[in-house]
Amino acid sequence: MPNRYFTSDNVAPASAAVLAAVREANDGPVPSYGADPWSARLQELASRVFDKAVSVFPVATGTAANALALAQLAPPYGAVYCHETAHVMTDECGAPELFCGGAKLIGLPAGDGKVDPRRLRAAIDLANEMGVHHVKPAAVSLTQATEWGTVYRPAEVAAIAAVAKESGLGVHMDGARFANAIAHLGCSPAEATWKCGVDVLSLGATKNGALCAEAVVFFDEGLTADFARRRKRAGHLWSKMRFLSAQLLAYLDEDLWLANARHANAMAAALAAGVRAAPGARLLQPVEANELFVALPEATVAALERDGFLFYRWPHEGLGGDVAIRLVTSYATRPADVEALLAALRAAPRPR
Amino acid sequence: MPNRYFTSDNVAPASAAVLAAVREANDGPVPSYGADPWSARLQELASRVFDKAVSVFPVATGTAANALALAQLAPPYGAVYCHETAHVMTDECGAPELFCGGAKLIGLPAGDGKVDPRRLRAAIDLANEMGVHHVKPAAVSLTQATEWGTVYRPAEVAAIAAVAKESGLGVHMDGARFANAIAHLGCSPAEATWKCGVDVLSLGATKNGALCAEAVVFFDEGLTADFARRRKRAGHLWSKMRFLSAQLLAYLDEDLWLANARHANAMAAALAAGVRAAPGARLLQPVEANELFVALPEATVAALERDGFLFYRWPHEGLGGDVAIRLVTSYATRPADVEALLAALRAAPRPR
Amino acid sequence: MPNRYFTSDNVAPASAAVLAAVREANDGPVPSYGADPWSARLQELASRVFDKAVSVFPVATGTAANALALAQLAPPYGAVYCHETAHVMTDECGAPELFCGGAKLIGLPAGDGKVDPRRLRAAIDLANEMGVHHVKPAAVSLTQATEWGTVYRPAEVAAIAAVAKESGLGVHMDGARFANAIAHLGCSPAEATWKCGVDVLSLGATKNGALCAEAVVFFDEGLTADFARRRKRAGHLWSKMRFLSAQLLAYLDEDLWLANARHANAMAAALAAGVRAAPGARLLQPVEANELFVALPEATVAALERDGFLFYRWPHEGLGGDVAIRLVTSYATRPADVEALLAALRAAPRPR
Amino acid sequence: MPNRYFTSDNVAPASAAVLAAVREANDGPVPSYGADPWSARLQELASRVFDKAVSVFPVATGTAANALALAQLAPPYGAVYCHETAHVMTDECGAPELFCGGAKLIGLPAGDGKVDPRRLRAAIDLANEMGVHHVKPAAVSLTQATEWGTVYRPAEVAAIAAVAKESGLGVHMDGARFANAIAHLGCSPAEATWKCGVDVLSLGATKNGALCAEAVVFFDEGLTADFARRRKRAGHLWSKMRFLSAQLLAYLDEDLWLANARHANAMAAALAAGVRAAPGARLLQPVEANELFVALPEATVAALERDGFLFYRWPHEGLGGDVAIRLVTSYATRPADVEALLAALRAAPRPR
């Protein structure tokens, strides 16, 4: 029976290899709070993956990773710039504000979900003119892949980072779907992060095969001061840390992460091809990772819903009578699932 | 080979049944963020365990459970009273202060690790006299079992709760070792909580057989308003919540939690019996759960350390030349481990 | 010599009557922290002015009044809606975020500086759909007069308040220039506040004749719970409160506040008339209170600056080659000051 | 008629010279937010007074000064050590916790109201052993004069500062009654502050002759980064700053502050002499500034209250049947006021 869940990649179970790694880690007593062998190996493996000695702090959720990372970059009286649709801005119930101690997130608009370096420049200039009356420009946060399923090229990240660095801002990347972005770009993880100016990365794994594992990855040890305390203070230091580290080890080992992401992206591409061929359907954004945004007539959307397909209707202006929906594929989406959705789409009624 | 870890119960691996439950939950797509069948079943099972319709919010760590629970009871300008050695006071790097928005924890002294209701009464009276200059009395937090390995009787909890309720304070129980306390008391979970005035419980599972699972349990639905937002905002809402709920289901099912705790307590009792029989050793507190505090000559402690036994030296005044150590057993401690430690203790040099 | 300061109304000194009141209050010992006769009289006088038993909490700055008032309406996980140019959003260095414990301010756009009730409705609907992932709609804040020098009619406030109340949001009015708005509207303070749905008002006095006096005015005593603690905790409870209360007594007594505001508005109107008559100058907003926004050629602006006139260049899009400036009058602006500026404007070079 | 207020020095009015300075500053328009001539002169005068280029940030209350100063020294995950009776610990409704973003104040006991350097050393050592589980030692705060009316000698401050500096902690002095301490010590302000290791001082003026004026004084410009933003964000940046600076100018000018403090101290000394001579009365602390703590029989205290004298009964253990009261003198206390109280004391009934 086809899987009809296209709501999110977080409805998927965990990869067998990740679960197996957890089982293997469940072996006798080991020191708690990260002083275990799995956690030590994770530091090494991550440093190989990123081609640099990195500092990795595993946590259980992406919201925790993002908010803790931003708290490290922005003081309570700071401004964090991001795209106006960024997850940190709209989907984390104010977690960055909590962990930063009340910093202000300032959302910048742009149709493709990416921060525009000129708008960033202008926003920083305004803040500097206003002085103490305005929160202090402290960081910029980029979502990779973006909330619109697009992917920043390294040069795009570099252009934003250049503006940020010029004014002393830190650069954070929310990589909840970092694997999907890398799979699309075909570049190395290093080229997509520290080589183009990223200071700290929220590395996602949960959506792409883990049970519950993300990591805050610092590319500069100088930025990690007291971060361990921040994590503890937020309740995100696990006593049995081995179970978190083991997941990430399995995830990064032998490129499971990239294999999973390539599959999810391929399923999205197959969906996109089918959508392009369907009369009355229209892709609203380039499909570069594992998310599609599709404009459809209301009758078509309603028919898909009646057929049991699960997805979100998405706020979008300027579609005339059409409705936007979001479709998300994952490492666990099968070709038959895609085909079932496309068949339903082709069979759905359309206004003439 | 004997296990020489007596540092904490969190060095233990997870119970096989808990791991099996996680594996079983790893089956196909399900709705995220807690709208899965495991999470629904957990509400039912917990309500049966506590003999009352309770609201259960799983999280990954005890620090998260405690700090979120207190944030629900205390406003930013509030006072939370607890024992001066409480985990929330000394071991959570200020997590309660973070999640409460800056509330003040006020530690009350007492030799047995328990909050003294008369001291609580006096502290509240002082606050009320001082009015707006003092933080507002808002909650009391009890650790069960206490940080000194002792266990509150229901009547003791009731006496404290009576003082609290009289002045409108909420009552929180930090049950990181709640199972050990129940195993000792032999009463029902209901008798040890809501029936003696507890409003919200941090129910621990990690130390007693889970991978990473605790839960905030509310005994009055009226207290849960917006708590789901607090959990999300703290980064403690898992997208793949089934993996957290499944652990707690296995933990509470068929009394695994109590069986595990009884074993840990029995191992502690066996250790205590051996310590009592050892010349020069002295128990500093009654051994009621799975922790022992032992005064020993420095030479004895050093010998145990040389033998590879792992435990903490513990701050303690008034021991003359002796040193205090803490020994913790767990569900995974074996009789042979206890015997090995006692043998080493008997063999250790003592000053004449 | 003319006063060339048009930067803000806060460059003005204090009204003689306000200073005299401070001097009179400097008479012997009185109880501190607000238990003095002046503070008691202020409650009575304010209740007469607003035609309702109000609760008045004096503080020294408008930022304090706004941020404390919002903290009373919005929880740390709450959303406060306001105009995107609101002072609370852009000019208080995150004070509302600090005092609310990290709440999020969400700015709504509109050309005239006023919150649009339909946009507010849509924003609340989006939040409700997103549930725990989104901060909780908690309050709306209106600036009266607005940051663009326009004034809400009572019916406009009522329309916004209706949307707010429907969803359980509180209504705050930032009345830094409340006197100027009332002077323009000609209605009673009651009609402009609680009668059209305002729950709490930041009543400004500093810009309009005080030394340093604002007040948080609650129209419903049910909303004041623990507010006194919030004020103390923010360092805004004066020990010698009489000196704050005495200023506000003098300000509200015998309509000094309205007389001052009428004068400031009249000076702005005179300026506006002159600007309208000046070739090449253009008013960007209706002049309803004591602020003017004027589009001028760069050469004209530069000439005024060379002549020693002080004002802010103001960010504004869509002016072609022109530059926007802000001119603010106060109770202390004299007709000669206005005339001097207009003379300079008429004499300034203009591109042909 | 004698003044019967001995509750606090904040019941006093303002010195005539301070009020005159405010009146003189009320002269025409000047730039706001501290860019006025009075604020500039204050920097110079304070630098002369402290014999060093200092950075002065005026605020309206002592709670604001203390909490802002500590926020500059302690991160949200930090520990601030102070005496257990310190004003910051018990009388500010959690203001330091608010402004520090949730830092923890840790109170150290000692009978004379002073921080004991050995206890401080032990507390820091414990924190360092506990690592990420404990808040990070960040600052120590000393109250000068102390809450028990005693005065730290420069050598005592230096001993505490040495412990602090060794571990990287900042040193704050709460100088709400700094003038009284200097008047007692007879040393220079420099000797009592930066020369013995104080990094930042809350300089009080309100209790000693101002209307509402305190200042945060930094002795090292390197510590002031972003402090102006913190002050603004807390609502403590006055727009008409001249009125705050003018008070402090008058206060520090021609040693008004020391003259006032000497008088207050002399009145306290006269009271103390009378108390010592009164049968049944007992001083609980050396009288070094302007506060007395006196143990008296209940009947005597009740008689003084009946006679209309105003003072606080003070919590104190170990007095047998006696009651402790606090008496505070100020610059405005007259010899006749002291004499009246002593006469009443002599006339009061005593148990035989």
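All chains are identified by letter, namely A, B, C and D, in their written order; residue positions are counted from 1 within each chain.
Quick note on the criterion: a residue touches a chain if its C-beta (ideal position, glycine included) is under 8 Å from a C-beta of that chain, and two chains touch if they have at least 3 such contacts.
Since this is a predicted model, take the numbers as computed values, not measurements.
Enquirer: With a step meaning a move to a chain it touches, how many steps does the shortest path from chain A to chain D take?
Expert: Tracing touching chains, the least step count from chain A to chain D comes to 1.
Enquirer: Given the two chain pairs C-D and B-C, which is bridged by the higher number of C-beta pairs in contact?
Expert: Answer to which pair has more contacts is C-D.
Enquirer: Find the chain most remote from chain D, comparing centres computed as mean CA coordinates.
Expert: The chain lying farthest from chain D is A.
Enquirer: What is the distance in Å between the mean C-alpha positions of chain B and chain D?
Expert: Chain centroid spacing, chain B to chain D, equals 41 Å.
Enquirer: I'd like the Å distance between the centres of chain C and chain D, where a centre is the mean of that chain's Cα atoms.
Expert: Once rounded, the distance between the two centres reads 35 Å.
Enquirer: When the centre of a chain is set as the mean of its C-alpha atoms, what distance in Å lies between chain B and chain C?
Expert: Each chain reduced to its C-alpha mean, chain B and chain C end up 51 Å apart.
Enquirer: Which residues belonging to chain A are in contact with no fewer than two other chains?
Expert: Touching at least two other chains: 76-77, 92-94, 98, 101-102, 132-133, 135, 229, 232-233, 237.
Enquirer: In their shared complex, at which residues does chain D touch chain B?
Expert: Checking each residue of chain D against chain B gives 76-77, 90-94, 97-98, 100-105, 126, 130, 132-135, 315.
Enquirer: For the complex, give me every residue of chain A touching chain B.
Expert: Contact set of chain A toward chain B: 3, 5, 7-8, 10-14, 19, 22-23, 25-32, 59-65, 67-68, 92-95, 98-99, 206-207, 211-212, 229, 232-240, 243-244, 332.
Enquirer: Can you list the residues on chain B that touch chain C in the complex?
Expert: Touching chain C from chain B are residues 33, 75-77, 101-102, 132-133, 135-136, 226, 228-233, 237.
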